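By written order: A, B, C and D. Residues from 1 in each chain.
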Amino acid sequence: MRCGVPRSLRRRPVQLSGWAPLKALLPVACLPLFLGASLHAAALAPGAPDSPETGGTLRLTASSSGGTLDPQISYVHITYQMEAIVYDGLTTFAKTPGPMDRHAIPDLVEALPAPEDGGKTYVFHLRHGIRFSNGREVTPDDVAASMRRIFRANSPTAGPYYSHIVGGTECLHDAEHCTLSGGVIPDDTAWTITFHLTHPDSEFFDRLAFQHASILPADTPPHDTGNTAPLGTGPYRIASYEPNSGLVMERNPYFRQWDAEAQPAGYPDEIRYAFGLDPEAAVTAIENNQYDWMLENVPLDRQAEIGSRFSDRVRLIDQMVIYYAALNVNLPPFNDVRVRQALNYALNRKAVVIYNGGPAVSLAACQMLPTGAPGFEPGCAYTKGASPEHPAPEWKEPDLALAKKLVAESGTAGQKVVIVTPQSGGSDAIANEIRSTLTDLGYVASVRPITPVIEFSYIQNSDNNVQVGLTGWSADYPSASSFLQTLFSCATFIPHSDNSINASQFCDHKFDALMDRAAEVSLTDRKAGDALWAEASRALMAQAPAVPLDQTRRVALMSSRLHGAFDTPIYEAIFSQMKLRRAGDQP
Amino acid sequence: MNGPVDTAPPGPWQTAFRALGGNRSAMMALAVLVLIVVLSLIAPFYAHDIAHTDPFRANVAGSFMLDGRAVDIMQANDNPLHLGMTPAGPTWRPSAYMLGSDSQGRDVAARLLYGGRISLLISFSAAVLCIVIASIVGILAGFFGGFVDMVLSRLMDIMWAVPVYLFAISLSIVTISDGLKIGPFTIEADNLLIPIAIIALVYMPYAARPIRGRVMALRNADFVMAARSLGVPRWRILLVDILPNVASSIVVLAPLMAALALLTESALSFLSIGVQTPTASWGTIIQDGEGLIYSRPMVAIAPGLAIVIVVVALNVLGDGLRDALDVRETSKRGT
Amino acid sequence: MAGDAPLLDVRDLSVSFRSGGRDVPIIENVSFAVCEREILGIVGESGSGKSVTAMAIMRLIDDPGVTLRGSVRFRGQELTTLPQKAFRTIRGREIAMIFQDPMTAFTPVYTVGWQIDEAIRVHERLSKAEARARTVRLLGDMGVPDPERTANRYPHQLSGGLRQRAMIAMALSCNPALLIADEPTTALDVTVQAQILDLLRNLRTDYGSAVMLITHDMGVVAETCDHVMVLYSGRVAERGPAAAIFSQPAHPYTAALLDSIPPLTGPRPTRLPSIAGAPPAPLERPPGCAFAPRCHYAHAACDILPPLVRCAEQEVACVLPGEGKALPPRMTERVEA
Amino acid sequence: MLKSLLQRLGQTVFVLFGISVMVFLVFFATPGADPTARIAGKNASPATIAKVRQEYGFDRPLPVQYATMMKKLFITQDLTSYANRGEKVVPEIIKAAPVTLSLATGGAVIWVVVSILMGTVAAAFRGTWVDRTLMAIGLVGVSIPVFWLGQVANLITQARYHDTWLFSWVPPLGYVPFSESPVGWFKALLISWCTLSVLFIGVYARVLRSDLVTVSGEDFMRTARAKGLSPSRVLLVHGLRTSMITFVSLFGMDFAQLIGGGALLTEVVFGLQGVGRLTYQALSSLDLPFIMASVMYSAVFVVLANALVDVVYLFLDPRVRDGR
């Protein structure tokens, strides 16, 4: 369901310091959009917007590539972001600036169908005339084949996102003979695809919008295509790819814009991604206009510099991300709810905010739903003068006295606590802050940094007996369930497994039931559903299986020639909407 | 004359020490080293009584007094976007944040002193351990030859075939997440023994080879042959004839190995696979400073300079020793 | 021997080096002359300053702490003040030198022929082929078998004798007027030694070169030299025609040296007489006669440095002849030259 | 000759085998190294995990896994990464090799030229202030941690003084292939070359000087002077040439290590995607196929270079030639 925060889980140590402060609204999403202004492009490349800003080569940089290009396999942000303009699903998320909690909109289909059969059946009407980059039209068969391929190619989310399609569970266990014959029914004459689900799913459209449900040609091989990108329908196609040096995207000659919000036509003629530059170097290179945009956040020590020298070239982009410390509810001392609450009370989130770049880019978190997520209601149970029963509107300051009292009641002071953290500057520092806090509370605390790639699964495996594990989580699509249900339901705790995303090992059937009800209500009444999710969030924090730390904003630096309304939630940036000033009209 | 130093008092050693004492630069290097060791030994005193700070405790939300007014340790910027928190810069006053603060609000000067303890401890211990292992391996291989030599030499071949730093990094990454488990004993990942052992191990072949060569030469030397033909037991030849004669080679290696160990330790810590938080070494401080190199370069520059000074001093001392003991250059270093 | 001016005229040559703030004299006021085609033997124990004298003449001592005084005239030209560059045209061309240890005197990484070619070509404008031809001829002249192949061999591939022959060939490559041979036979075994000495002896006829033969071996001098100079502790002890000195040494040191030659004929003595003690180190040199501490005849007068005085055919730095207590002629039979 | 060649080959194979087995065993002994969960993706269902485990053969006995990996690495060359799905390992290494080669070669040119100059000049002016200054510089060079020097160099050329005429030509960090733009290649690497060479300049100048000083006391140097050669010819043709033997053997070892990935700190600091950095990344992401491939690569290079040095040695030193 969502990609974990170690977004660049790849080869580089994850900088848990991607966090950027939230606080103000700022230019982010407020630019007017004037795209799709012209469907009658003239001398331009076919499918390109008729605008003086069309054309040019966009130069992007990232410290490393995202590995496989297979959109149904890849599960890293860099590829997700890049392939948003290469592939389309039946649905998609709006590729325009706007609030964070927008749900999926139709993409390859004419409209979002109304649920039938109590939410278990959907009939999608495929758009006519949309072509893959080889010129072949997208047919209902391609859709059915792509759905089968999710299982056949072992997509990571096949189980959690798509196994409720009728026949999905069978496919999961026997991918080679996967037909989904009862679950996805293409109809060439009506040009429709009918989906049957085993149970209603309020997030079905969102899941279809995720990249793993990209629609690919039916003859795409049923295995990870690796460094070769399958054909797509978006405005660009991937022309060449060297995972250790770079990637080039060029226009898809068969692309014609069908919906300016779902898949707008692109401005640059060519997009080049260079891999291998670390963020510090990338900032310098962009300052010097050697690149236009970088994947990573601007490193903390450069933020002051770019803030003062290039404030007009900085974008702060809200992210639906939450950083937290998972507390193992099955191991002492955190098997005592009072200790978990005590740590929540005691941790100075002001320090956490400072570590992550200060209030401009980091927002202290008090609950496991990030600000802006569906179902989010402001409220902080663990700050001075607040309690789970009487939450304050926001976090103000730690309450060390209360925390010490709770610890004293629990009688656990003096116990040993080991904090496991990914080994990278930002998280190290926060782990150190938590260590100091635990020491103040009377524990014998120490920090154990672990290689980032391993840490994420290490803290999940109950065999490793991790007491406190630092990690973060960001949603694949905006939904409350992708935070609360994924991270804290009984179903996501799998003992002795590296894949047990519920690192707190929290399992409360009453809480599960509450979430199920919220999901059910959301099907028909989003508002009522969201209210229930908010209630679930409060219920969760009363049990405090984790210490929410903060939510960050992305600090993006642009070259002086880059502009445009390209920032959007989920994808963060839509490369097709990046416009390049010509040499003559540099500001 | 090339005789066993059997009964003779350490005549050659005395002359060597006298020669070393007469070497001005070597003596200066020694003085610098002693000074730095003393400085790092008084680290707790400095931190507690002069700077009044706990260099291991994060303190980002705090402030300190400078010229009678409170200064935030982490300072917000007044650029239009309020972007970036910058740690306090050097005050150049020993009373508080003389060299400024790092990104966790800790006093860099105090950390530098504490870091020196760890860096020096690791490099000196690693050098000693390395030389002990290397001497054992080198002497065994050189003295017994044959099968023992073959096994040990092949083992060293394997170690040689991997660039030192890659070797050290591999070992560090393997041990860093879960420590080292040897039978019933567990060495925690943050135990200093781990970097010490790793560094000692990777440089072992570098020290063992010259020792082995020296022992082999000695084994065939006249006086050893003579002792053998007289029926002196092998262990006695080893102890009485060989060991004292390789001792000078070994002694000369020590400061050079310590210099290499210091550089390696800092590199490992820089890649955050050496010394583990909250312990600080010069390498970890450079690593802390990496994120501040553009705004507060002093955090990375100060420990870097400290490393350079110590390594220069060790090298000068090593040169002096070599000249004094009249041993040809034998050592190598990594990149 | 020669009627006109000597080929090499050395006057009051002193070499000293600074150590611990003091000037330490290595050789003091050494004077001698070498005439055309003459063979002069310079004899002394190790440390007596023989090699330093040779090096000083060749100006091969370039230690900045060393000072050199006195005059060295070659064919009337003062060498000590000659600029280095000008001196280089003399070195190797006019005055050549061969060294004690042929094992180490060749650069190990070049062939012997290459090194002789180099010596030729540095002084004469010759093509490589011409130089090589001369090299081969020289090697042949020196009695090197199969000179062409030998020229292409590396020093370590040759035996000691061959190497010394090659070394002499190199020294003779530009037909020098003077050849300084610094212990040329010490490192060789006896038979080869005799051959090499033969070679040296014939140089004056074959090449017209004078030879300055430095050795510690009186026997070698006896076999080879016209004139002899005996050095002791950096000072001239005695010098003069070989025949005179061998028949009637005037300096007790010379006499002692002569006594230590093993007789070539007759029964070998069970133990050769040797001089007790060792020559003084330069710093501990007594102000008077340096040999006095080891001398049987030492007495009060020896505390003053004795000047070089003429005594029969030779000159000697000893008070004895002046006191009328000249040493007796040698009892031993003259060694056949 | 053939025998010694075969012997050498045998040794090489033995060394490679030893290293690979060590790497393999150490990897599987590392806690949390099981790559299955990472390959399957975050929050994958147990069914997917089981499938991945079976697909990648993680359920088979270790010797079988080892054999399969070796086969995929050396014979079919289609070994794929555990961390980057679908990424073939061998081509990546082959692609990274030119970067490392460029870095090492350029650095080597600089350090050889500069150190020969420094060493020779110092030896020629032995005992003077020139000598002492040069050797002090060399000593400092040896003592600077290369990653720190790189950082400082970056700070100066990329940030602090990037806008001055002195460094405005410095391109962003990263590699530009020679085939793409020779000038760009040169500019992109120049600072890293200098940084890399500082250490070696120090080492080599010192070694060379001390060799030259030792050599200058040798008889053959005196012979050369007595021949009437100019001091420069004596120093260069006779002294330097002879000292080159040690120099070259040292160079061979160091160069091999650099080519084999030993320059990883420089590569990391300067953002050069070379073999060293690749290996470092593979190590930090515990990507066994990559670790295996790059360690094998570097071992092969080191062993090869050692053999090459032996050959060069034969050319340089006639004494060794006969010794064999």
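We take it that a contact is a pair of C-beta atoms (placed from the backbone, for glycine too) under 8 Å apart; a residue touches a chain by one contact, two chains touch by 3 or more.
According to UniProt, the chain labels map to these proteins: A = ABC transporter substrate-binding protein; B, D = ABC transporter permease subunit; C = ATP-binding cassette domain-containing protein.
Note that this is a predicted model, so its numbers are computed, not measured.
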| item | value |
| --- | --- |
| Distance-to-centre winner among chains (Cα means, whole assembly as reference) | D |
| Pair sharing more residue contacts (C-beta pairs) when A-D is set against C-D | A-D |
| Reference subunit D; chain at largest CA-centroid distance | C |
| Rounded Å distance between subunit B and subunit C, as computed from the means of their C-alpha atoms | 55 |
| Distance between chain centroids, defined by C-alpha means - subunit A, subunit D (Å) | 40 |
| Whole-Å gap separating subunit C and subunit D, where each centre is the average of the chain's CA atoms | 54 |
| Whole-Å gap between the CA centroids of subunit A and subunit B | 44 |
| Shared interface positions of subunit B, touching two or more other chains | 173, 177, 290, 293-294 |
| Per-residue overlap in subunit C, given as positions that touch at least 2 other chains | none |
| Subunit D, residues touching no fewer than two other chains | 31-32, 154, 159, 284, 286 |
| Residues on subunit A engaged by subunit D in the complex (per definition of touch) | 1-4, 9-13, 64-70, 73-75, 154-160, 163, 172-173, 175, 224-227, 242-245, 274-278, 280-282, 284-285, 288, 290-291, 450-454, 456-458, 460-461, 464, 486, 492, 494, 497-499, 501 |
| For the subunit B and subunit D complex, residues of the former touching the latter | 154, 157-158, 160-166, 169-170, 173-174, 177-178, 259, 263, 266-267, 270-271, 286, 290, 293-294, 297, 300-301, 304, 307-308, 311-312, 315-316, 329, 332-335 |
| Contact footprint of subunit B on subunit D as seen in their complex | 11, 14-16, 18-19, 22-23, 26-27, 29-32, 139-140, 142-148, 151-152, 154-155, 159, 196, 199-200, 203, 207, 210, 250, 253-254, 257-258, 260-266, 268, 276, 279-280, 283-284, 286, 291, 295, 298-299, 302-303 |
| Sites on subunit C touched by subunit D in the complex | 58, 60, 64, 84, 88-93, 96-97, 99-101, 104-110, 118-119, 122-123, 154, 156-157, 167, 170 |
| Parts of subunit B lying in touch with subunit A, wherever the complex brings them together | 57-58, 60-61, 74, 76-77, 79-86, 103-104, 173, 176-177, 189-190, 272-273, 276-278, 287-288, 290-296 |
